[in-house]
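Going by the order they are written in, the chains are A, B, C and D; count residues from 1 in each one.
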C-alpha cells in the first residue's frame, strides 16, 4: 500500500485535453510547489482525444480513461489510487464528475463556476456534505498575495467600516461573434449555464469582493445585455450591490470591452481608508489611509505582511503572476488534503469551498432574475 | 461709447470672494487667453466681504457692489458696462442672479449645476430663451483637449456603435464630517439642492459621458447613500444607465472614497474599439482599436487631431491641466460673445448650454426619485 | 507719473513674434496670476513681423518697436515705461538685449540658456552686477510644486546624505532632419551655441538636478553625439556627474529618442530614501523612505507641505501643468520686482539667477570639452 | 539502462540549500513545464546542511551528496545518472563545479555571473569547448516574452538603425550595511568577484541590452562607487557605452537606490522608433514608432508575435512573471539537451552560453579597470 501522506499527491484530471486552456493552467499550478504528480486522466469527452492527450502528458496507458465514471471506479480500486482529482470540464459536467469522485472518497479540485444550474449546485453541496472528501473550488484570484494582504488589512480594521465596494471584470475577447471552442461552450447556456459573462467572470468578481471584504451580499439589482446579435447569454452586466453589513457596491462584468484583456479590478473604501488592486498588475496593492499619501505596497515588500508572504515565493520586484496565484490554491489544497488524511484539523488557509460555489450560482441566478424583472432588487 | 467688439471682454463676477475656491478658478480661466478683463463684482453676499474682496482684486471702487441686483442695474447704465458676468455663487443663487443680468442683455457664464431645484432650472431656461443674451454653463471638463479628441473619434465612428459607458467621479474630501465653508453649502439641500454628490460631481460625470458619446439618456436606476451620519444629502451614488440608442452604462459618484482626489474617469466601448480617459492625467487618451494594441494618444502628439489641437496651447509632453481646460470654455464663450455682438452666427465650438444644465437637473431629480423608489427605472 | 508699486507690472517683450513657441508661453505665464500687463514689444528681428505681431497682441502702436535697442531707449524715456522685459529670442541675442534693458534699470526676465557663448555669459553676469536691475532666468521647471516639495524634503534631510542623482531629458522631435524654424536655430551653433541637446534641454536637466538636491557639480565626463547626419551640434549626450559633496550622477539628454515628448525626469537617492519625479506627470512626487512603501504624494494632497502649496492654485486632483509651473517663476519675479522697487529685501522664493545661467553655460562648455577629449573629466 | 531521451530530464543541483534564494527559483523554473525531475544534489558546502536540505526536498538518501566532486563521480557511475546539473552556488565555486560535471558529460545549467574571476571564466570556456556537454548560463531575464518580442522587432528592423541604448538595474536592498547570507557573499570579492553591483546585476543589464539589440560593445567608461562605508566592492556604477555598430548607451546599476526593488529597465531608440520595457511589469512592451502614438503591446496580445508566443503559456491579461521567464531558459535548455542526446542540431532558441558569461566577466573587468583609471575608455 502506498503511503497516503508523503511526497507529492497523486492527482487525476477530468477534462483539460490538448486544446483546452484551463487544464494546462491547472497542471502548471499543481506542479509549481511540487505537491502533486499527475498520474491519471479522462482528459476529453472524445475518447481518441482523451487517449492522445493522456499520452502527450506521459500518463501511464492504463490510467488514461475515456470517461470519468470509469476513471473514478478504476482508480478507487487501485492501491496507488489518485488522492485528488482536478475537474476542468465545461460547467455542465462539474456536478456529475465531482460526485463520481467524492463518492469514492477522492478529493475534488474543481474549476468555477460550480455548475451550470442552481439545482446542480445544491445537489453538489449535499454530495460534499455527505461524503468524506474535500471539495475545493479554484477561485484562483483569491490566491494572489496582494489579495490576501488586502483581506488581512480589512479584517484587521485598517480601513474601518466598509462603505463602498467597486469591482469589475472586463474582457474583450467576445467583442465580435466567435465560434472557436473556448467561446462556443461559454456562450451556450446548456453547457455554461444561464449566465454568460456573469457566470464566466462575474462570479470571480463577486467572489473576490466578498473574499476580500468579508461582507455578505444581501441583494442585487442587475441589468444584463447580450450586445452581440444572436448571443443567447449576457456578454455585459451592470449590477448594483447591497451588503448585509450596510456597504453598497457596483459590479461590472463585460466581455465586449475592447482593450480589456483580463481586467479584474477591485476597489474597497471604508471609513478610514481605501485599497485598490488590479489583476493585470497583481504585485501591487495601493493603500490610501484617509488623510495620508497613497502607498504602493508590493508583494513581499515593506508594508506587506505575513498574509501575503506565506503565499509568495520570491522577493519583491520579482513579479509573480497568474500561475503562482493559481498554485497558491493548489498548494493550500495539498495541505488540506494531507491534514484530512492525517485526521488533523485543516489549516486556516482560506480555501474556496463548495459553499462559495453555491453563492456564485445564487449570484448568477439573482442577476438573471433581476434583469428579467427590469432590475428589481433580488435577495441572494 | 466703448467699442463692444474689440480687445478683452469686460467681465463682472457674482460670488467668488476671498475664501472661495471656484471664483479664483474662473478668474484665472478668463485670463489665460487674454480674452477678458474683470472690471466689476458683487463678490460676496456679505457686504464687508464683497468690498474687501473687490479691493483685493483691484476693482474700481465704484464697481464693487454689495449685491448682484444693484450690480446688474448699475452696470447696465454704464457706457463701459460689463459685457458678461460670471456667476460663481452657491447653487441656489444661480437662477436669480443669472436672470438679473440676462434681462439687461448681459451675457452669463454660470457655474454648475444649473440651479438648486428643477423648477428654478426650467425658469432659467425660459429666461435664456426670452432674452437676447448668451448663457454658458461651465461644464469645464468638456474643455479638456483629449475629451474633444474622444468626442471627435466617436462622432467619426472610430469606435463603431457604442455599447457600454462607464463613468465615475470619486473624491474623498467628505469621508469624515466637515464643517468648513466649501463642505457646508455643498451638503445643505437648501443651498445645494436635493443632490449631494450627485449634484456636485455626478452632474459633471453625466454631462461628460453624454458630451463625449453623443448619446441621450433614456432612463436610470439609482441607489443613493449618505454614509456619514447626519448628512442630509447623498455622498455616494450608484447609477445604472440606459441610453436611447441602446447603449448601457454605469455611473458612480462618491465623496467618501479615500485616495480619490478628483477622480473623474470615463471609459467608452463600442463595436470596434474603446477609449479611456482620466481627469487627473488629462493629457492622455488611451485608444484600443479592437484587435490592435492600445495606443496612448497625447495632447498635440501623433494621433491627436484638430479637435484637440484647437483647444491646446503648447506642444505634447508639456502638460496642460485643469485651468487650461476651464479656460477653453471661457475662450469659446468669448468667441461666441463677440460673434453675438457682431450679429454673426456662433462658432461651432461645443459650449455647454442652459439645456445641458437642465439635463443635469433632470439627472439629479431622477437619481433622487429612483433611489426613493428603491432603484426603479426613471425616465430622464 | 505712474505709481511703480501697484497693480500689474508693465511688461515688454523682445522676441516672441507670431510663430514663436516660447513667446506665447511667457505671455500666458505672465498673465495667470494677473501680475503683469504686456504693453510694449520688439517681437521680431523682421520689422514687418514685429509690427504685425504687436498689432495682433493689441499693443499700442507707439510701443511696437522694430528693434530692442530702440525699445530700451524709448521705453526708458516714458513716464509709464515698462518695468520689466521678457527676452525670448534665440540664444545669441540674449546678452545684448538683456544688457540694453539692464542699463536702463529695466528688470529682465530671460529665457534659457543664458547666452550662446560662455564669453557672453560672463559679460552678462558683469552687467547684472553693475546695474540696479533684477535678472531672472526662466528655468521654468524649478517652478513645479512637486519639485519644490522634493527640494524641501532634501533640504530638510528627509533623504539623508544624497548619493545618486539620475536625471534625464529625452525628446524625439529631432529624430529626423528638420528645417522648420524651431529646429533651425536650435541646431545652428551660431545662434544656439556650441551645445545642441546639451544647451537646449541638458541645461534644464542640470539646473533641475542642482536645484532639487542643493548639490554643486564638481566635474563631468561626457560623450556627445550628433546622430542625424550633417547636424552640427549634439542631439544626444551621455554625461557622468561627480558632485563636490560626494554624490555621483548621470545625465542623459536626447532629442532623437522616439516616444519621448518632453521627458524630463529626476530621481534622487540618499541614505534614507529616494524621490522620483517626471515632468509629463508633474503633480506627483514618488517618495520612497527606505524600508517603507513608496508614497505617491500629490500636489496639495496629504504629505505635501507649504513649499509646494505656496506655488499651487487649486486642490489636489485638479492637475496644474507646464504653464502654471512657468507662471510660478513669473509671479515670484513680480514679487521680487515689487520688493526691489520698494527697497525691501527680496523674498526667499528660489528664483533662477544669472549665476544659474552662467553655471548652465559652464555645463555646456564642459560637456563639449569633455567629449572632444574623449570623455575626460572636466571641472565645471 | 534508463532511456536518456524520454520524459523529464534527471536533474541534479549544486548549492541551493535551505536558506538560499536562487536555488529555489531554479527548482521551480525546472518544474513549470514538467521537463525535469530533481533527483540528486550537493546542496550546501556544509554537510549537515546538505543532508537536511536534500531530505527536505525528498531526494533519495543515496543521492544526497556532501560535495560536488563526489556527486559528479558517483552520479556518472549510475545507470540512472543525472543528465544535467544546476549550479547555484556563490560565484567563486561555479568554475570548479561546472568543470567536474562537464568532464563527466553531464550538461550544466549555471547561475550568473559566470565565475568570480576573468581567469576562471576563460578556463571554463575552454572546458566547455573540450567536453561533449552543454553549458547554459541562466541569464533569465532574456527569457521574458516581451524581451523576445523586442529582440525580434529590432532584428526585423522595426526600429531602424539603433542609436541609443539606456539600460539600468536598480535595487535598494544594500542601502544600509547588511550581514545576512545573501548580502555577505555578494559583497565579498573573494566569493563574488571584483564587481559588486556590476557583477551581481550589472552583468544582467549588460547581457540584456546586448541580447535585445544584437549590438556588440566596443568600449566603456565607468565610474564605480561603494557608498556604504567599508563595503569592499561597488554598490553603484555609472557606465557609458560605445557599441561597435555606432550606437551609444548608458548603464546604471545600483543596490543603494531606495524604492527600487528589482528595477531592471531597458530602453532602445533607433532611427524609426523606440521600445521600453521594465522587469517589474514584464508583460508590457511599449513601442513608439516615430510619428505615431506609443503602443502598449501585451504578452500574447495584439501586436505581439510568435517570438513572444512560443515562450508564453497563458492568454494576454493573465500575467506571467519572473518564474515563468526563468522557466523559459530551463525549457529551452531541456530541448537543447534532448536534441544533443539525439545527435540532432540544437534548436534556434536563444540560450545564453558560456561565451555570454565570458562577455559578462569582461564587462565587470572593464568596469573595474575603467573606474580605477578615472573613467578611461576601456575596450571590452
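Note that a residue touches a chain if its C-beta (ideal position, glycine included) is under 8 Å from a C-beta of that chain, and two chains touch if they have at least 3 such contacts.
Bear in mind the structure is a predicted one, so any value in this text is a computation, not a measurement.
Chemist: List every chain that touches both subunit B and subunit C.
Modeler: A, D
Chemist: Check every other chain and keep only those touching both subunit A and subunit B; list them.
Modeler: Both-contact set = C, D.
Chemist: Using Cα averages as centroids, what's the distance between subunit A and subunit D in whole Å?
Modeler: 34
Chemist: In whole angstrom, how far does the Cα centroid of subunit B sit from the Cα centroid of subunit D?
Modeler: Taking the mean C-alpha position of each chain, the two centres sit 56 Å apart.
Chemist: How far is the middle of subunit C from the middle of subunit D, if each middle is the mean of its Cα atoms, in Å?
Modeler: Those two chain centres are 44 Å apart.
Chemist: Hey, what residues on subunit A touch two or more of the other chains?
Modeler: 260, 287, 294, 298, 301
Chemist: Residues of subunit C touching subunit D in their complex?
Modeler: So the residues of subunit C touching subunit D come out as 159, 163-164, 166, 168, 172, 175-176, 221, 223, 225, 227, 236, 238, 240, 242, 248-250, 252, 254, 256-260, 267, 269-274, 276, 286-290, 294, 374-375, 377.
Chemist: Touching residues of subunit C toward subunit B in the complex: what are they?
Modeler: Per the touch definition, subunit C meets subunit B at residues 7, 21, 24-25, 27-28, 31-34, 58, 171, 260-263, 279-283, 298, 301, 313-324.
Chemist: Applying the document's contact rule, which stretches of subunit C touch subunit A when the two form their complex?
Modeler: Per the stated touch rule, the residues are 287, 291-298, 301-303.
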